[in-house]
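Look for subunit A in each of the two complexes below; its partner is subunit B in the first and subunit C in the second.
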Partner chain A sequence: MEKGEMYVGWSTKDDVRKRGGSGGLVTSMLAAALEKKLVDAVVVLKKINEFEAVPIITSDINEVLNSAGSLHSVPSHFAKLIANKNLKVALPAKGCDVRGIIEQGKRNAINLENTFIVGLNCGGSMHPVVTREMLEVMYKIKPEDVHGEEIEKGKLIFETKDGKKNAITIDELEEKGYGRRESCRYCTIKIPTNSDIACGNWGVTGDLVGKATFVEINSEKGARLLQNAVDAGYIQIQKPDEKGVAMRAKIKGVMEGLGQKWKEKIFVPMDNRLEYFRKELEHCIDCGACKTVCPTCSCGDVSKCTEYHSRGDAYKMSMYHLVRFLHLGDACIGCGQCSDVCPVDIPLTRLYRRFANPIQQELKYEPGMDMQKPPYFEVKLNE
Partner chain B sequence: MSDNIYSTICPGCNFGCGLYIRENGSLDVDFRKSSPANAGKLCRFGMSLPKFFNPAKSMIDGVETTMEEAAKEAAKRISASKGSVAFLSLGNTSNEELLAFQKIAESYLCTGVNFEALPKDTYQTISIGIPYNEIEAAKHIVLFIDPYEQYPLIVRRLLLAKTKGAKITAVWWKDLMLADENIRPDDISKLALTQDSIIISDFHPLSDTEQVKNVLSLAKNAGAKVTFLKPFANSTGEYIISKDTKQKSLAQLIDDINKGTIKTLFALESDIAALIPSDTLSKLTNLIIQAGQASSTKANIVIAHDPLYKKKGTVINNEGRVQTLGGAGTNGLEALGIIAGSKFDFNTLHESIKKTIGITAVDEFTIPKYDRPAYGAIQAAPKPVEKKPALIDVYNPFMWFDLADDNDFVELNLNTVRALKLLKGGTLKIKSNGSALEKKFKVAPVQDNVLLTGKSMGIEKGIITPVEISR
Partner chain C sequence: MSGVAGQTAAKTDGWEPKIVAFCCNWCSYGGADSAGMGRFQQPASARIIRVMCSGRIDPLHVFNAFLEGADAVLVTGCHIGDCHYVNGNDKTKIKYKYLENVAHELGIEKERLQLNWISASEGEKFANFIRDVTAQIKKLGPSPLKPEGVA
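And now, the complex of A and B:
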């Protein structure tokens, strides 16, 4: 196996195949990595209910095999979870997870040689509290009655315990303020080609629809991970048909195009930007959650944004935010975590992206997509 | 390797913020985005929890011991001091522990607040607040708190209410950013309330009961709703459980210790150093503390039990929402059982709590239906603030007391800065009750002659302390 090859595969374990998403290939690949000691630990989601799962780092194969699979209403992020732990680890990762992990790698907080990144195709995730409200307001169903969820042909479908499928188009939901988190709407990384191996259901055809995963090997590590799972008897794979490969490429193109449209819709040019930023930040309570959760920040407790800032200052915009804007100019990956955790609902990702979009475009630099050094890391000394 | 993860509730106040505590060598806070009270969002205190959860060690007279031995020794000393023992719990632990504690404490229970000074028919209104989504849907919201400093997670609810058209009036010593109208407490006569108004105030051990009565009276006269936010993780549960029990106020407890009628104090999960003067505490023969985290207060006996996030049990938030703590630990109940002389059964206590609340199962997504009885007319006589400099303590949560924070400044207005010729980056001298200190200051839209502090300085006498200020 080598970089660039594509396969369709599924778990050989019946229960994993039935419970896991798309044939349980990712779960089984992670379990095999653990069993064959390719890694010491694996990150998985431990499911609490349809709208809650908690990421755990585990060396227990059973815990991996019993993990949650993919949940759209669990917008977690794994980069900070494995940072500074010196782990030999394998983990599933959405595009933004992958980007955060790579940026932590550039900052020496994660050893990428020891990190096996299983990329997951991602059309976006939803905030669980918003999802619960959406179910009651838009679907007229009780969240407790939901048994499963899926996205198909632009529709978000919730299956209730009585077996009924309830579908509404994502466009309609998002028009009403529900659906995906804002940052997911304008994200353009739908197939994480920056991971070691990219996995998802796009491109699975015929009888295998819903029962298999399409994989693309992006690195030597990705090849090792897949081969290891095959050799361990955890998965079966076969070559995809041409139709599937074409279909996957088409979906990717359409999804990326939609993301680009959202980007243009949200980031319309504005006058008086300073006043806009001041207004948006005026309710900040200095909790520091946006820094703590930021998957590209690796400064720790002592950092410029916190050291230059004092709650006793009476500036109209705090030094904390000013320094963060500068730091994130070439580092923000638009994952949305900062907006998710802001206790006063400041749309922080949108603010950071307003700084980052023109900078990253000008510098032709996309953080987390490869190992290119961040432009602001470069220091040229005068001769 | 496998993480120990606890889905729990923040102990910082009674807002009921859900979060994960992750134990993996170190302690980390993780955001529980599905939590109905806070959607995973946390304030500065919540983000500081790894520092707060500094494990306690069981001790007898300064010598480390086991929890069981400490509890046995506590039982002995409590028994020997019969008639001069007081029991204090501010509401920082599970309902089940509080119920057990109350059974032990029947002779002298203090929950820190002064219910005795308030009309009995207002207990329920004070104890159980209004659901946050009702606040979001309000047409007019009146704040008798500084939400940014005291209960930060209410800010987003207020901002959401504003986007839906609500008008926000702040009755506060400082202009609040989110308020459409700012009224100083001295100008309360300018406040116009209607049946569409929701008043948000707070109720805690330092609350001026006349001011609480005043707020209740304003609401009553206008037909407005009122909700009291509270500072301890399970204040609401504490008040529900103890509502029919004779209680002593904190002032009474301090007085009784000073008089020598109380010689032994048993405090359960209560940050007493923040509320009881050290010279009063020094008069006790025995100070017994049962807690889940270390405290700077020097106690004769420390009974170290599980921290809140490891406990089994329930708490009730400001809205009346019943939430589970997420752990499996019951050693707090075991210790209380040793002191009581008979074991407490968790399940029996839990069932009793459910019966009291009127629920059959704990479901954090459904707020139980509580009676919200009307209360009668109230006579209130709030003291007017004197027209001379006063230090006003707005800090919360109380548990900041032992934690390092960057709140070490006072807020004052530009008039005061100019009158005193204070220099930018300089300090302000504050004198009160024979104590003097120097503090950094921050210019803010604060009322003339008022200093606001978000950090206890040790010179305060209640919420409002007259002070002399100079350069």
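And now, the complex of A and C:
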């Protein structure tokens, strides 16, 4: 097996295959890596209920096998979870997880040699609080009655305990202000080619739909991970058909195009920008949560930005945010974590991307996609 | 809060802008010195802050200057190739790009933040630079980031 090869595969364990997002291949691959000691630990989501979960680091194979399934209302981020722990680890990762992990790698907080990144194709995730409200307002069901959740043909479907399926199109949900987080709408990393192996249901055809995962090997590590799972008897794979390969490429293109459209819709040119930023940041309570969760920051507790919490009351703008607007210019990956955690609901990702979009475009620097260093560090001696 | 728009509109006659100029010890600071010695006419608007190299200027010094009431901030250093610490000014150039980006997206007029390479012997260039910026800022009026109650 090598980089560039594509396969369709599924778990050989029936219950994992059934519970898996699409065939349980990812779960089984992670479990096999643990069993054959390719890694010492695995990161998975531990369910709280049918649509909420928390990430855990575990060495218990059963805990891994029990994690199967895609949770769309869990906008977790795994980069900081494994940073500074010196783990030999394998983990599932949405595009933004992968980008965060690579940025932590650049900052020497994660050893990428020891990190097996199982990329998940990602159409987007939802904020759990928004999801709860959406269930009551749009679906008219109690969050506690949800038994299962899936996305099919552009519809978000919640199954209730009585077996009833409730479907609404994602377009309609987003029109009403629900659905995916804003950052997901304009995210353009739909197939994480920056991971070791990219997995998803796009490209699975015929009878296998819903029962298998399409994988693309992106690195030697990815090849080892897949081969190991086959050898250990955890998964079964076969070559994909041409139709599937073409379909997957086409969906990727369409999704990226939609992301681009959202980007243009959200980031309209603006007059009076200073006033806009001042208004948005007016209610900031300087809690520092947006910096704590930011997967590209590895400054630790004492950092330049937080030095300016609660100082200079007469200042017309927050120094804390000015420093971050600057520092995130070449680092922000648009993961949405900052907006998710802000206790006073400041749409931070939208603010940060206002600064990051133009400079990253101008300097042709895309953080989290490869090991390329930020332009500042590329200054050549004696040039 | 509501003072922002009002302040920008007010172009007070006789008002002298406050211009903070970061100058490198080895070049532009000397430039400022020779401007004085050569008795080139220059306005009293500039507050010079001496640094050992333009590479020492952290963008947050610039933000701080604005938040403390500067109407314009100038980043100056040795001509590219002439930095006394090999490539400090190459780094300045890149840092400045990020800084300029933040200032622009924030909506701060480009006249309020400027970069210039000025050697120790270019006293006249330094004096002209300060004079030009002063004239530009007089047209724009006080900075919208100036705290209430600061002249």
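Side notes on the structure shown:
Here, the second predicted complex is superposed on the first by the 368 of 383 C-alpha atoms of A that agree within 3 Å, B and C clash if a C-alpha of one lies under 4 Å from a C-alpha of the other, contacts with A are read in each partner's own complex, and residues count from 1 in each chain.
By our rule, a residue touches a chain if its C-beta (ideal position, glycine included) is under 8 Å from a C-beta of that chain, and two chains touch if they have at least 3 such contacts.
Keep in mind that this is a model prediction, so the values were computed, not measured.
Set against each other, subunit B and subunit C differ in how many residues of subunit A they touch, and the higher count belongs to B. Of the two partner chains, subunit C is the only one touched by A:359; subunit B is not. Of the two partner chains placed by the overlay, only subunit C lies in contact with A:329; subunit B stays clear of it. Contacts of A:289 after superposition on the shared chain: subunit B is touched, whereas subunit C is not.
In the superposition on chain A, A:314 contacts both subunit B and subunit C.
Within the superposed three-chain model, A:145 lies out of touch with both subunit B and subunit C [touch as defined at top].
Using the contact criterion defined above for the overlaid structures, shared-chain residue A:278 touches subunit C, although it does not reach subunit B. Looking at the shared chain after the overlay, A:159 reaches neither subunit B nor subunit C.
Contacts of A:58 after superposition on the shared chain: subunit B is touched, whereas subunit C is not. In the superposed model, A:256 makes contact with neither subunit B nor subunit C. Shared contact residues on subunit A (touching subunit B in one structure, subunit C in the other): 312, 314. By the touch criterion stated above, subunit B contacts subunit A in their complex at residues 1-3, 5, 7, 20, 24, 30-36, 38-44, 46-47, 148, 152-153, 155-156, 159-160, 177-178, 365, 406-409, 440-444.
Contacts from subunit A toward subunit C in the complex involve residues 271-278, 304, 312, 314-317, 319, 322-323, 325-326, 329-330, 354-355, 358-359, 362-363, 375-376, 379-383. On subunit C, the positions that touch subunit A within their shared complex are 1, 4-5, 59-60, 63-64, 67, 86-87, 90-91, 94-95, 97-99, 101-102, 105-108, 144-149.
Residues of subunit A that touch subunit B in their complex: 40-41, 46, 48-49, 51-52, 54, 56-60, 63, 73-75, 127-129, 132, 143-144, 282-283, 285-289, 292-293, 310-314, 340-345.
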